[in-house]
Amino acid sequence: MSDQLGRRDFLRIAGGGVAASMIIAAAPPPPSKKLLEMLRLMRRIRHFEERLTGLYQYESYLEKSDLAGDMYDFASKGVIAGAVHLYIGQEAVAVGICAALEREDYVTSSHRGHGHAIAKGAAFGPMMAELMGRKTGYSKGCGGSMHIFSKELGLLGGNGIVGAEIPLATGAAFSAKYQGSRQVAVAFLGEGASNQGTFHEALNMAALWELPVIFVCENNLYAASTPAAIALALPNVADRAAAYGIPGQVVDGQDVLAVHAAASAAVERARSGGGPTLLECKTYRFTSHAGAGKGRHDNPEELKKWLKRDPIELFEKKLRDDGVLTAADQEALKQQVVAEVEEAVAFAKKSAFPAFNEMPVTPGTDLLA
Amino acid sequence: MRELTYTQAISEAIREEMKRDETVFQIGEDIGPVRTRSSLWKQFMKNRAWQTPISESGFVGLSVGAAMTGLRPITVIMYCDFVGVCMDPIVNQAAKIHLMSGGQIKVPMVIRTPAGAGTREGGHHSGSLESWFVHSPGLKVVMPSDPYDAKGLMKSAIRDDGPVIYIQNRILHRLGKQQCPEGEWLVPLGKADVKRAGTDITVVGISTGVMKALEAAEKLAGKISVEVVDPRTLVPLDVDTILASVKKTGHLLVVHDAPRRGGVGAEIIRRVVERGFGSLKKAPRVLGGVNTAMPYSPPLEDACLPDANVIVKAIRDMLS
Amino acid sequence: MRELTYTQAISEAIREEMKRDETVFQIGEDIGPVRTRSSLWKQFMKNRAWQTPISESGFVGLSVGAAMTGLRPITVIMYCDFVGVCMDPIVNQAAKIHLMSGGQIKVPMVIRTPAGAGTREGGHHSGSLESWFVHSPGLKVVMPSDPYDAKGLMKSAIRDDGPVIYIQNRILHRLGKQQCPEGEWLVPLGKADVKRAGTDITVVGISTGVMKALEAAEKLAGKISVEVVDPRTLVPLDVDTILASVKKTGHLLVVHDAPRRGGVGAEIIRRVVERGFGSLKKAPRVLGGVNTAMPYSPPLEDACLPDANVIVKAIRDMLS
Amino acid sequence: MSDQLGRRDFLRIAGGGVAASMIIAAAPPPPSKKLLEMLRLMRRIRHFEERLTGLYQYESYLEKSDLAGDMYDFASKGVIAGAVHLYIGQEAVAVGICAALEREDYVTSSHRGHGHAIAKGAAFGPMMAELMGRKTGYSKGCGGSMHIFSKELGLLGGNGIVGAEIPLATGAAFSAKYQGSRQVAVAFLGEGASNQGTFHEALNMAALWELPVIFVCENNLYAASTPAAIALALPNVADRAAAYGIPGQVVDGQDVLAVHAAASAAVERARSGGGPTLLECKTYRFTSHAGAGKGRHDNPEELKKWLKRDPIELFEKKLRDDGVLTAADQEALKQQVVAEVEEAVAFAKKSAFPAFNEMPVTPGTDLLA
C-alpha cells in the first residue's frame, strides 16, 4: 500500500482489531478506463456535496445543558431545507461497490444516500433539484435528501428509518430470484444500523433462502454522535455474519480497489446462486453527522488521522504512480465535475416547485377527506 | 350457487389470483407445508408460499422490497396485535414509498391479518387495530364481514396497485357458510353495502359489528326498523352510502370491537357530521370495545365487547 | 419570574425529578455525553443517561422491564415516526402489563418523543402519531404547547405510576421563551387549559394547533371572538372544559398537524357530540394535516398543514 | 450417561451438529434434598399440564386446502378457554434453570410459560384459577395461560408476543444493576424467538452493559409448525452469542443436572458482574404446539426418539441408580403431586369470576369514555 498509514494500522484504529474474517479478495484490477470512471464518480460525490455548504442554513435552538431537546433540529432557512447527511470521506465505498454492479441491479440506501445514488449513476440535475424540493427532482421534490429514488437506475430509495433498508434490499433480491433474473441487490447501511433488529432478521432470511443480496456495512465509527465503541458489543460488524453462516469480510473502506475487489467477489457469488455476503467497510465521514456541523466530530486527533487517508487522494496517487493518470488529467477532471455541479445548481434553482395538485396520491384515497 | 365459509372464500380468492398472475405469492409464519431444508426454494415455489422465521419486521420489509420490484406479495401477520413489531415496514415503507418516490414506485401488496376479540386469547391476541391503519396515509383498509365480500375484496386487494391492509376476523372464521356464486367476482374497494334496509336508524357495523347489528335488527324487527350498513372498506370510505342512509333515518350508531377511544367509530362520526349534521335528529353514538387491553376471563371479555343486546339497548335509548 | 424555552423547561423538569427521585433516568440515542467504553456503566450513572445503540425495540423493551422492577425510565424516541419500529414494547407491553398482571405490576415510565411537521424533513421525520396512542388503552398521552405546560406536565408524567407518552414538538422547540415562575410546579394530567377566552367559537388546538389557533384568534380579534382550548393531555381528556366552552360558543373546530383521517380531531368531535350535541349550532369541524406522508418540498409541506390563515378562513366559513 | 441415546447422538439429532461452543460445566452436583426437590418440581409441571387435557375444547373450523385461515383458532367451549401451550417434555429446562435462582431473581417467559412459573415456585391453586379466568388466579383472571405474573416470585409474566420477553428480562437485569442488588434475570425463549430482532438488540445491549441476565433458549426444534431447520440459518442458536462476545453454550435440555450446572455457572457469572450468557437447551415438546392437538408433531419417528429421553424418567433413573430415590418414593411423590393438582382444579372451579368493576384500570383513564 502506498499510503502513509499502513492497512493493518488503519484497521486497528478503525476496529480495535483485525477481524479473523478479513480476506483481501484477489481479483484482477479493472482496466484503466474503468479506473478513471471510478475516480470520476468519487469526485462527483465529493464535489456535489462540497457545493451544498451554504445552501442550507440551520439554526440551533438548544441552550447549554439542555437535556431535552436533542441534536437534531433541521429546519433550515436555506434553499435546501431539512436534514442533509454528507458522504464526504466515504466515497470509496459507494463507488467500489457500485462499480461491481450492473445498471439493473438494485440498491437500497440510508439517510446518507447521495454517494450511493451518484455511484449508481444518478445525474446531478435531478439530484440537486430533489435537494431543493423541485419538481424536476428524482422524487419530484416529494422525497428530499433522504429519499432519492430512481426506478431506472435501480435506486430503491434512501431511507429515513435506520435499518429499514436492509429488508427492502433483501426483498428486491427475493424478487430477482423469484423472477429468475440475474439481478442482485445491495443494502448500504451504517454500523449503527447493524444494531437494529432488521439487520438480524434480514441476514437470517437471506442466508436461509440464499438470496442474491450484499449487505454493505459502512462502519464509519459513529452513529450520529454515538461512537461505535459504546454501541456495538464487538468492534467488527463483519463478525456478525458467522451467526448466519454467510461470509463476512472486513474491507479497507478508504481503498476503492479493495472495496471493488471484495464487491466483485460478493456479486459473483450472489449471481451464481451462492447467496448473501456481508461486507464491512471501515471508513470515516470527514464532516459532521449532518450538514452545517450538526453532530460534528469531537476528536480532532482521530479526524486528522483519517483525513490522511482521503480515499480520493489515495486513489489518485495510485493512478498517478501506475501511470494511468497525469496531474493535468486529474485537475481537468476536477474542474469538469465542479462545472457540472454548478450547472446542476443553476438547473435546480430555476426549476419550479411542484404544485399541490401534482403530488402523487395513492389512487382511490382522498387527500382531504 | 354453493356454500362457502369465510376462510374458504379467502383461500379461493388467493388461489384464483395466483393462477391468474404469477407474481402473486403468500409469505408468513406457519403457512406450510414445507418440512425440510433441502431444495427449500423449490419447495416454496411449488405452492408460492414462503414459510418464514418469526421475523415480522424482516419479512414485511422483504415483502415491500419485493412489491417494489415487480411482485405482489400477500403477507400474513398471524394476529393483528403482532403488527406492533412491524409497523415500520407497513406505515413508513409500504405506505409512504409511492409519495416519497414522487410516484415512481408502486407497492402492490396485501397485508392479511386475522383480528378480533371474543376468542378468550387474552391481551396479546385480541386486537383490532384498523384505526391505526386508517390514520396512516397511503394504505387502504379492508374489513369484510361475510364470505362473499371476503372473496371479492381479497381479489380487488390483490389487484390493487397500492398496499392494502386486509383484516379478517377470527369470530367470522367460524360463522356458518354463505351461499355464493360459482366462479369469480370482485367487490370494489370503496363501496359500502346495505346489509339490511331500514328506516328508523342507521347502524354502521365494522367487521363483526355487522353480524351483531343484524342480530339486533332482527330482535327489533316489527318494532324498530334498523338499516345496517357495512362500509366493507374503511379506506376508501364510502361516506355517500352512509350519508344517504342517515338522511333517511336521522340516527346513526357505529359498532366495532376495537376500543371506543380513538376508534374508527369516531372517524365515521366526524365524516357524517361534517356533511350530514342537519340530517341528524339526535347525537350519533359509537358502541366499541371498552378502553382496556382485553382481559382473558370469559365473563370479563364479554363485558368488554358490544353485543346484540347492548346494541338493542342503545337503539332503544336513542329512539326514545 | 424568568424566561424559559420549551426544551429548557423539559430539561429542568427532568433534572428536578432526577434529584428528587433516584430511580429516574433517561435512556435513548445520542443523549450523550459518553465517548469511550471504559467504565461505561459508571459514566452512564454519572448523568443518569444511558446512550443506546440504535435498537429502539430493544431499549424500549428494556425500559419496560426496568419500570416493572422499581425504576422510572424516561425513554427517548428521537423522532415520533420511529415508534414504527417499537410499537410492541409500548402498546403490547408497557400499556397492557398492568391489566394482564391483574393489577400487580405497574409500569411507571415516560416515553418522550419529539414530533411534528413543518421542518422540511420529509416523509420519515414529520409524523405526529398521538392518535395511535390514544387508541391504545393503558397509555396516557401528553402534548404540551408551551414551556410552562411542558415542565409541569413532564413532572406529572414522571411521577405517574403508568406509562405516559410525552409528545414534544419540534416547531415549539424553537418558539420564543415564556415567562415562568421560579422553582417547581406541576400541571396535572387530565386538565385542559383555556389559552384564550372567547365567545363565538371554540377552537381546540393540539400542540402546535394551539399556537396557530392563537394566531388566528388574534387576526380575528375585534370581529370574531375565539376561545382557544388546549386539552394538554389527550388521555385523560378533559371533555368537561371543552364542553363548557362549546356550550358557550355553539361552535367547535379542532386543529392538529396529524392527518385528518382518523386523527384525534375525530375523537374530540365524537366526545363533544355525544354529550353536547344540543349545544352545537353548526357541524363541528377538524382542520388536520392532509392525508399523505409529508412531502419534503417546502411549498408542498406548507400546503399539507393547517396554518393560521386556514383557521381564519374555516372560522369565517363556520360562522357565516 | 445412563440413557440409551448418547448425548452426542442426541445433540446431533437435535441440532444437526455439536456446537463448537458446547461446554459441559463441571459444578458439584446439588445435595440429595435439592435433587428431590427438583424432581418434585418436574413432576409438578408434568402433572399440572397433563390434567389440563379435556378442560379446554377447541373446535376447528378449517376446511382442507384452506390457505387463508391458519392453524390457530383457540376459541374453546371448555372450562379453560383460549390458547394453552404445553411444556411437557421440556421440564428439565425450567427446573434446571430455576433451581439455580433465588426467589428474588427475575424470570420472563413466553407463551409456553406454565413450566417456568411452576419451577419458579408458583402454587397450583392460583395457576389453575388463572387458566380458568377466576379472580383467585395469579393475574386475577385477566391474564390467562400466557400471562401469569407474580410479583412476589419475580415472575414478570409470560408473553403473547414472541421475542418480547427478551428485552423485558434485560430491563429487569438493568434494574438490578442500577439498584445495586444481587438479583439476576432470566429470559426464557424459544428457538423461534431467536429470529426476532429483539433477540439481537437485547443481546447486544446486555453484552455492552454487562447486565446480569441469562438468555435461555429452549430449542425444541419447532416454532409452532415450523421446523427450526427451515427457520434458522444455522442449527445452533448458541453460536449466535459469538456475535456479541458473550458465552454461548449448548446444553442437553433433557438432562436436568446438565442444565442446572450450566445455569449455575451462568448465574454465578452474572452475579459477580461478568455479564450475560446465552444457554441453548436442546429439547422437544412431547405434545402439540398448543393444547388439544393444535400444531401436532408430524414426524412420529422423531417424536419416538425424543420420548425415549423423557427428562423425568432420565432423572428418576439416575436418582434411583445413585440411591437417592426408591421406587416407593417415586410413586408416592407422583401420587402426592397428582392429588395437589386435583385440589387446585377444585379450588379453581369453585372460585368466582372477576366482576367487571374489579378489573384493574390505569388510574386516571376512563374505561368507557
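First chain written, first letter: the chains are A, B, C and D, and each begins at residue 1.
FYI, contacts are C-beta pairs under 8 Å (C-beta built on N, C-alpha and C of every residue); 3 or more make two chains touch, one makes a residue touch a chain.
Note that the structure is a prediction, hence the values are computed from the model and not measured.
Note: the chain lying farthest from subunit C is D, by mean C-alpha position.
One inter-chain figure worth recording: subunit A and subunit D are separated by 44 Å, centre to centre, where each centre is the mean of the chain's CA atoms. Inter-chain centre distance (subunit C to subunit D, centres taken as mean C-alpha positions): 40 Å.
Per-chain Cα centroids separate subunit B from subunit D by 35 Å.
The geometric centre of subunit B is 29 Å away from that of subunit C, both derived from CA atoms.
Multi-chain contact residues of subunit A, defined as those touching 2 or more other chains: 139, 141-143, 147, 159-161, 164, 195-198, 200-201, 204, 208, 230-232, 359, 361, 365-366, 369. Among the residues of subunit C, those in touch with two or more other chains are 40, 52-53, 55, 57-58, 81-82, 84-85, 88-89, 92, 99-100, 122-124, 137-138, 235, 261, 290-292, 295. If the chains shown are joined wherever they touch, the resulting network links each chain directly to all the rest. Those residues of subunit B that touch subunit C in the complex are listed here as 57, 81-85, 87-92, 95-96, 99-100, 122-124, 129, 131-132, 134-135, 137-138, 235, 258-259, 261-267, 269-270, 273-275, 277-278, 280, 282-286, 290-293, 295.
Residue ranges on subunit D touching subunit A, taken from their complex, read 195-201, 203-204, 207-208, 230-234, 239-240, 242-246.
The part of subunit A that touches subunit B in the complex is made up of residues 106, 108, 137-143, 147, 149-151, 156-157, 159-161, 164, 166-179, 185, 197-198, 200-202, 204-205, 208-210, 359-366, 369. By the touch criterion given at the top, residues 59, 61-63, 65-76, 81-83, 133-135, 139, 141-147, 159-164, 192-193, 195-198, 223-227, 229-232, 295, 298-299, 353-354, 356, 359, 361, 365-369 of subunit A touch subunit C in their complex. Within the complex, the subunit C residues that touch subunit A are 5, 7-11, 13-15, 26, 29-32, 34-37, 40, 49, 51-55, 57-58, 76, 78-79, 81-82, 84-85, 112, 114, 118-125, 154, 168, 170-171, 173-174, 260-261, 290-292, 295-300, 303.
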